[in-house]
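Next up: some structures, all given as structure tokens.
What follows is subunit A paired twice: with subunit B in the first complex and subunit C in the second.
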Partner chain A sequence: MKRVYVKEEWCLGCRLCEYWCVYSGSGEKNFPFAFDKGATPPAGIQVEEVGPVHFAVNCRHCDDPLCLKGCISGALSRDGYGAIRIDKTKCVGCHTCIALCPYGCIVSGGDNMPIKKCQLCAGRDYTPQCVSHCPNEAIVFEEE
Partner chain B sequence: MKKVSTDTRYVIIGNGVASIGAIEAIRKNDKTGSITVLADEKYPCYGRPLISYYLEGMTTRDKMDYRPAGFYAANNVKLVLGSPADRIDAVSRKVWCGDSEYAYDRLLIATGSSPVVPPTAGYEDVKRKYTFNKLDDALELEKVTDGTTRVLIIGAGLTGLKAAEGLYPRVKEITVVDMAPRVLPAVMDDESSGIIRSYLENKGIRFFLSDSVEKYCDGYALLKSGAEVDFDVLVTAVGVRPNTRLAESIGCVTERMTESGRPFRGIVVGDDQQTTVADVYAAGDCTLSYDVTIKNTRPLFIQPNAYMQGETAGTYMSGGSREKREYLPVNAGGFLGLHVITAGAYDGEPITVRDGGSFHRFFIKDNRLRGFIQIGEYSRVGILTDLIRREADLEGVDLASLVRHPNLAALGMDYVHSVLGKEGA
Partner chain C sequence: MIDYIQPDYEVVRNKELCIKCKVCVRQCANNVHVYDESRDVLYVDNSKCVNCHRCVTLCPAKALKIVKTDHCFKPSANYTEDIIKDIYRQADTGGVLLSSMGTPKSYPVYWDKILLNASQVTNPSIDPLREPMEIRTFLGRKPEEIRYLPDGSIETEKYPNLELKVPIMFSAMSYGSISKNAHIALARAAEQLGTFYNTGEGGLHEDLYKYGPNTIVQVASGRFGVHPAYLDAGAAIEIKIGQGAKPGIGGHLPGSKIGEEVSRTRMIPMGTDAISPAPHHDIYSIEDLRQLVYSLKEATDYKKPVIVKIAAVHNVAAIASGIARSGADIIAIDGFRGGTGAAPTRIRDNVGIPIELALAAVDTRLREEGIRNNVGLVVAGSVRTSADVVKAIALGADAVYIATPALLAIGCHLCRSCHAGRCNWGIATQVPELVQRLNPDVAYKRLVNLVSAWSHEIMEIMGGMGINSIEALRGNRLMLRGIGLTQKELDILGIRHAGE
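What follows is the complex of A and B.
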């Protein structure tokens, strides 16, 4: 399947990917509206830094997804594109998936709110916004 | 892969998530064999831990089903509801539910666990008494509680406190009694437990710890300490025991003696989830799980394990194989707005980080992370769970960074490349 990969040698650490990710998940048409209610990153992607090196981390949509297998409500599932998706109407925000994800790629949505994670921008025709808006082409969407 | 004939008959006793894991795994290998699920409850599989969220109004009945409508049909599963298995004959390979007979080639026992109700004087005469493990418990509690109800909960473990949370917005008063000196005794140390207790006390929940019920009287409970607690509804949540009767009846080994001389009860299984009886597998709460933090088996009543064990069982039942799974205790959940995640064992040197109102404690032994307790705000703690599971050497790891905010960079760039690169995940 196609996954999002990061080329750390090109990552500037600008964190634009994090903002585009919030926008993507918001479902809003216009970019600024996504932040009207005070939404802030991280959502499905987050930039880490170590010394001068930066790199973005997002869901691996693992072959053995512990988040999905540990979910208490059945809110997580894999779609036809291979993306691990969250059904926001089923998630109760218990955070078992946060406790299990080995890469720390699931983010709390707040008390009793559904979690947030990368869905490969399923709602944007599977065009990951972090990839298409990375100014330095440091994030790519490729087959393994 | 072992060859499995195309008409293999799979029978699964139990319809919790272990059963779902098994169905999904079997169907990956075997599209044609027949699968029959014998469920004692009258509902398709639902997320059991959701019952507190249901009472609290955080989910609805139609959102609790663990898989979408049509799941059983799509997987060609015959689901027999309200039909608890009562007998197995492992020689003729048959299971009975009353007069109905089901022949199997591979059997999965996923009978779960049942609440323990300690014998207490006067208990039988308590009119409105419940346990808190199944949907019917929640549906009954929903009926019998209102804004005037005073609830007494026996047990301050995860189940007792989740019951308290679920009932909190519905009832007038909640009192929790536990023999242990602290709340969440199995997953918290003294200090972290104190934080949870204070938080819940500030919400109006009353605790009697290091105490127990001497006797239930008319409308009140008399505690060993001499205190009297008035109540209208009683919820007993002191723990569960694995349902091993059926497995025992066919000669499965259903306990392991520990060094302390006290047996751990639960069906003994191999890495393939097969019991000591050929072609009979077991998964979930009814089994003993291999806990990587103690390097031995023990009861681990947590839902993620149930699914994964069911999946492993289903894989082997249908002729497949998989890498051995490492289990460990992991618990996550909120208590009236205070969120908690714990994992592993607490036998190492503690490192504590306090950050605003949040509390993070890590246990390190032999340069390895053994366990952690997170209360309040936290992020990316699965990175830590994974370190415990892998028993990763912390040599070269930026521990100071890791305990502030778990991150992959702290584990070194070689590790980052191994998991984020194309060879990873």
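What follows is the complex of A and C.
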């Protein structure tokens, strides 16, 4: 399946991917409106940064996903594209998936709130927003 | 000390649109944008802004713009704001003023005072999409006579020539003045386009030897990075005598830019200033130049054409005539509006002559002396569009060198701050975090796009003239007419006035 991959060599740590991810998930028409209520990252993609080293990480949509196995409410499932998706109406915010994810790619949405994770912008007819808005083409959407 | 100099630009933030993502803070190498966490406020230090548009371009909310300040001095047509500020600057530092890229002064641009012809009725125009249109160019010395080989066929390869699929090459920019990623992008684009890029005087990085067939290697007065493998690597060798932006001046790459890789490539110690002398210390005459030309030919088995590059200055025609007799295969002339990574401001803005006049004068002189066929003629120094290319070829050039348009294609915004070494676009810098911003995978495609677009336009313009090969356009000054030029200017350009 096509996944989002980040080329560390070209990642600038500008964090634009995080903001476009939030926008993508907001359902708003205009970019700035997605941030009206102070909604900010962490989003489904996050830039990890230590000193001069920085690169974005997001869900690997593992073949054998621990998060899905461990989900106590059945909120996580795999969709037709192969992406692991979250049903926000079912998620109880127990954070079991966060504890299980070996990549640290699931993000808390706050206490008792649904978690946030990359869904590959699935179900929309465009390339993931983090990919199309990366200024240095450091994020790609392709078969491994 | 009181700072007399107020900022040139103001960064304007639309607070309704700004989402405080702080990409501006993270991307400005000049620290113009600052985020104050305790107040949750973004503010700007306008005095550091060089107007490079990095923040404006990357702002996802389109909340930024940069405007020229309307803070002003009492207007004077004589003591302009620039002159006043330069005087303050020199009073502050006691130093020579430095500038980058081509002169911004309003000297006449002759390209814009020349109009092109098109066919009507009696000599039909040609549609380049339906009929063949040849823009392939061979650069170098041409045979004086037709010779037959023993088997009766015609001898075609007499002198080494460069074959260009488009009459456009990327001019010399050294590794050091621009980043390795910029060089990779130029090399890959030249390879794909079937043309050449030029190493400049900084040697050739070991990773770029594989692009050798599309590389012109330069030998300049500093002789940085020159060794047999380097000369062998290139398709041609260019002796740099002068540069349009700073005729008569050498170069100075500050030690801060001489990191490990630049040091190894240039073959000089890390952290030392790379100083190119103003003259080649072994060239004081055309005879001396001839010795270097033939030394380089000898070193490369007479397989590669040798280019001699000079700045366009007074008496350029006589100088070019000497070069044509020195054994050089190609003469490159660089006009005074050409770019630079750093030059003394007063030199850049006042020394040299426009490339259009130099080109016309040189081509005329070489024809009059019957030696035009001895050399290829390449012009540089502010060839900005495909129309400029066509005009240059019609004035007598074989091909052109472009550099500023190439840099613009890969992100340069002409902020003219190359000499500061903190290029926010990863071009004119050696700071690893900034160099990383220029992904050659992205940049080379943009270069290929630019030159492909220009070649389509060149074919379109040629078709309009009823010309289907670049050979028929070369030196075809009847295709040109001057507009608003004096008789003297028309005489030098060798063209008639519009309406004639």
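Methods note: the second predicted complex is superposed on the first by the 139 of 144 C-alpha atoms of A that agree within 3 Å, B and C clash if a C-alpha of one lies under 4 Å from a C-alpha of the other, contacts with A are read in each partner's own complex, and residues count from 1 in each chain.
One rule holds for everything that comes next: a residue touches a chain if its C-beta (ideal position, glycine included) is under 8 Å from a C-beta of that chain, and two chains touch if they have at least 3 such contacts.
Fair warning: this is a prediction, and the values are worked out from it, not measured in the lab.
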Quiz item: Taking the superposition as given, does A:H133 touch the first partner, subunit B, the second, subunit C, both, or neither?
Solution: second
Practice problem: Figure out whether A:L12 sits in contact with subunit B (first) or subunit C (second), or with both, or with neither. | Solution: second
Practice problem: Return first, second, both or neither, reflecting whether A:L100 touches subunit B, subunit C, both chains, or no partner chain. | Solution: first
Quiz item: Is A:D125 in contact with subunit B, with subunit C, with both, or with neither (first, second, both, neither)?
Solution: neither
Quiz item: Is A:N112 touching the first partner subunit B, the second partner subunit C, both, or neither of them?
Solution: first
Self-check item: Which of subunit B and subunit C A:F35 touches, first, second, both or neither
Solution: second
Quiz prompt | Contact residues of subunit A, present in both the subunit B and the subunit C interface | solution = none
Quiz item: Within the complex, which stretch of subunit B touches subunit A?
Solution: 21, 47-50, 53, 58-59, 63-67, 303-304, 307-308, 311, 330-334, 337, 339, 341, 343, 378-383, 385-386, 406-410, 413, 416, 419-422, 424-425
Quiz item: Which of the residues in subunit C end up touching subunit A in this complex?
Solution: 16-23, 26-27, 57-58, 60-61, 63, 432-433, 436-437, 439, 441-442
Quiz item: In the complex of these two chains, what residues of subunit A are touching subunit B?
Solution: 3, 5-6, 8, 48-50, 53, 55, 57, 60-63, 66, 69-74, 89-90, 92-108, 111-112, 142, 144
Quiz prompt | subunit A residues touching subunit C - in the complex, by the definition given at the top | solution = 9-10, 12-16, 18-20, 23, 31-32, 34-35, 40, 52, 133, 135-138
